[in-house]
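What follows is a set of structures to go through.
In the two assemblies presented below, chain A is common to both, partnered first by chain B and then by chain C.
Here is the complex of A and B:
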């Protein structure tokens, strides 16, 4: 009896948590199609007017272009660096290795405001504040740990004999990296790319500090919010949310792809990549 | 066995404070099937990894065809290894797995595929060439691993407990395959295993290792009949070790007084003198069981239990004054005819020729 009550409570609590997280997003989505200018109930009727208005606004288009221009290089750099860091951690033993791993994984644990402020003061000393570069660098710092963590999970599943087997068949360490380690990690590399792209695409706080006039979409949204309460914001929010969730979903599909096939041969299951993207979502 | 192809010369290997292999020397002949056997942690796998260049000896050196392998990284050696975990590349097809070594040697794709396919056909895997290795059964993967190692036509093939993951039936079939392949190719196999059955059924010579040292090297027959020391005797487990004091050293046999009475043991090259304490062993399959003694050495014993091993039966007898059980191996039919029940009193007897001193066999 107690057990059943406990389980019931568990489900209710989980449900409540999801409601708490998703309700604002759902509200934003609903109101983005509402004909009324003000987000109030009852709903006035269906319209796509706000979307039309949004995507003809040159400032919004520019912000979207900039977000894409930033997020792709960020994803590429984060994935490459994340792989290098994960491989170092996997392959080598060196003094201060645990400190190295700690530093690599630290950024997501730092509150975004502190991170943004820190980045701003650092980048302005290097005369980079307000440049697109500033956003790119900051986002790599934030996104890299996600990439590293995902690739590290995949590497942990690799039979350590695999590299040795490759050496044993006359492949040099460099050839082994190219022909064995990278192909083994391929899916997690794609997943890391997509998820770091999503991290960059909807990151707000740090971008707000360092972007200056080079606003990304989330920063543009805040500027809108400061001026007016417009349903356009709901439209943008929904678009950003949809694209982020789309990237994350594909990323997770990749990192979990072949799971069934592998499960027979390899016992350790791959923890959901989504768990890594918890503190990152556009909160409007 | 002709001249030495591989020489292991006073090799030691230490990992920090732990010594995995201590001052070990032996050589491996061309075309020989050598098994290195021992329980886990005896240093047999470390030995194999040193051969492959995956570990560097702390002392001593390994020579291949007279050339020192010192400092040569694994990717510059030609000693393919068949891994216990197989270590097949999961993202490659069967064909590409087999062709990997050739690709790394710069063999062109067409030639590579032709040679890989020839090996796959040879090992009855031709139809699986385009499959993913994960889609194969354990036995099939095993053969892919074998093909991958052999496709480059090495002079020496290293095998690290390759059959330990297979079920007994499959393991026996693979043993036959390995043995016939080795004969046919005429290359040297260095086979590491903890399984006596595998080592004894395939190898020309067996190296028995324990705690980083070689205990005995010899043909399976020699090791089985004449264990060099107490460790080997207990490891092989087909003898009973007894102890006595020398009463008389004769021409052919040595007379000893033991806790169960006087015993005659083959003299061999025994050098002890009157009154000395000596260990000796009695081969389990040369002991007769009955109501009356049939040979000069005999003890009265109580039948405890038995164990079937194929068509042979191992009996365990309790002998007053002896700590260990007396082991007797009989053909199953003979055992059946005796009609013994646990607890029965029987007479076990054996000739002097069935008992030997350690290391004393000529």
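Here is the complex of A and C:
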């Protein structure tokens, strides 16, 4: 009886936790259609005025184009570099390997203001600060660890006999990499591409420091936030949220959620840390 | 074989290594360098002076910002850990594998919504005439001032850290061998005793690592203390932004940044020791 009560209490509590996590997201969706300029209750009526205002604001449009222009090369570069780093960590043993992995994975733990200041002062010596390039470079640094972690998880599922067989069949290491390893990682590469694109599309702090006048979408949102109450924020937020969830959903589908689900029934919980880790589960 | 392997690894090792060295490690080291430079006519001049360190570290306003940031981040770590623990227990022990996966997926959703937009949304909840006070008025309670206070900052920090902490805790708890819990039960340990003497010691690494994540996130965040906390008294990240943006005093901001990094390094080492050291 006690136990059952505790269990129900636990579920109710968990429900409230999720409510807390999802409430601001839901509220921003609701207020983005609310006729009142000020986000308060009771709601005043339905409008799409804020969306209209958003999508015709030249600053927002420019920022959107810039964000897309930055996030695609960022995703491409971080996925390639992330693959190299993940494969080195998986395949080779060398002195200082743990230092190498630490260096690769550390950036997300450095507070964004510090990264921003460091990047700003460093890149301005190279006359890059205030350029779109600066945003691109900083975002690769921040996104690379995510790509590396996702690809490394996939490599952990690879039977090492697969590579050995390929070498025995006289494939060169490069051929093995191209014809065996890369196809094996294909899904996680696509997933890493989409998720690093989402990371770049969402990053505001470092971009705010280094972008100068070249605002990206989240930097524009920050500028709106610094100004007055602006329902436009909700409209942009909802639009960006919808599109990044779309990207991430595709990413997850590619990273083999389906397989993970099937395997989960037989396999015990997987020791793993980090946000994206849980979605890879076990397969094979 | 070993020389062969070393020849093979360089083409893969070098690109990411050089990238992170050039664009991650060097910028951070450069911060240390410019903390000794000076600003002449709004321009950065190479120098070898301690006056930035002296300027920042001798001000009481710096140290009160430091104390404020530290206690806010510690508060965020404690509050987030306590808030997410019951939910993590519930998800780890009382639901099916399928439900847990689904719940964990929902925990990942916030990572892909703009933190800025969520903070803006919280303003609508916490404002004096906001949603929470409207709900309080419905049940006949007086409104509470919540926005522009440390409470507001904490709400922001918890928003930022709660999903990640719950995720880490749930995964830690789910790995506990159920037989140990059964054994405690068979030995007549009550639920409370089992929780404190079996489950929590076994889940200690995930509890500490989760709390550390919350601490790091809160310590460096400038959005919550600015837009929910009201920006006064400032936190260290507020201080960095003000010093960088308004005063062009990058060397002084670099001093603050280095103090922050050192604090985070020491805290992380202590936390890792607490989590994985002295294990029986």
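In this text, the second predicted complex is superposed on the first by the 242 of 284 C-alpha atoms of A that agree within 3 Å, B and C clash if a C-alpha of one lies under 4 Å from a C-alpha of the other, contacts with A are read in each partner's own complex, and residues count from 1 in each chain.
The working rule: contacts are C-beta pairs under 8 Å (C-beta built on N, C-alpha and C of every residue); 3 or more make two chains touch, one makes a residue touch a chain.
The model shown is predicted, which means the values in this text are computed figures rather than measured ones.
Look at A:184: by the touch rule set out above, it reaches chain B but stays clear of chain C.
Contact comparison for chain A: of chain B and chain C, C touches the greater number of residues. By the touch criterion defined above, A:46 reaches neither chain B nor chain C.
Once the two complexes are laid over each other on the shared chain, residue contacts for A:173 go to chain B and to chain C alike. Touch criterion met: A:164 reaches chain B, while chain C stays clear of it. Of the two partner chains placed around the shared chain by superposition, chain C is the only one that A:140 touches, whereas chain B remains out of contact.
Residues 173, 261, 264-265 of chain A touch chain B in one complex and chain C in the other. Contacts from chain B toward chain A in the complex involve residues 52, 54, 73-81, 83-85, 87, 89-92, 100-101, 103-105, 134, 148, 152. Considering their complex, residues 159, 161-162, 164-173, 175, 179-180, 183-184, 186, 261-262, 264-265 of chain A touch chain B.
Put simply, chain C touches chain A in their complex at residues 5-6, 8-9, 12-13, 15-17, 19-21, 23-28, 30-31, 34, 44, 83-84, 86-87, 89-91, 94-95, 97-98, 101, 103-125, 127, 129-131, 134, 158-159, 162-164, 166-168, 171, 174-175, 191, 209, 216, 219-222, 227, 237, 240-241, 244, 250, 253-254, 257, 260-261, 264, 268.
Residues 2-3, 6-7, 10-11, 13-14, 17-18, 20-25, 27-28, 31, 39-41, 80-82, 84-85, 87-88, 91-92, 94, 100, 103-104, 106-107, 109-115, 117-123, 125, 137-138, 140-141, 144, 148, 173, 198, 202, 204-205, 209, 218, 221-222, 225, 233-234, 236-238, 240-241, 244-245, 247-248, 252, 260-261, 264-265, 268-273, 275-279, 281 of chain A are the ones that touch chain C when the two sit in their complex.
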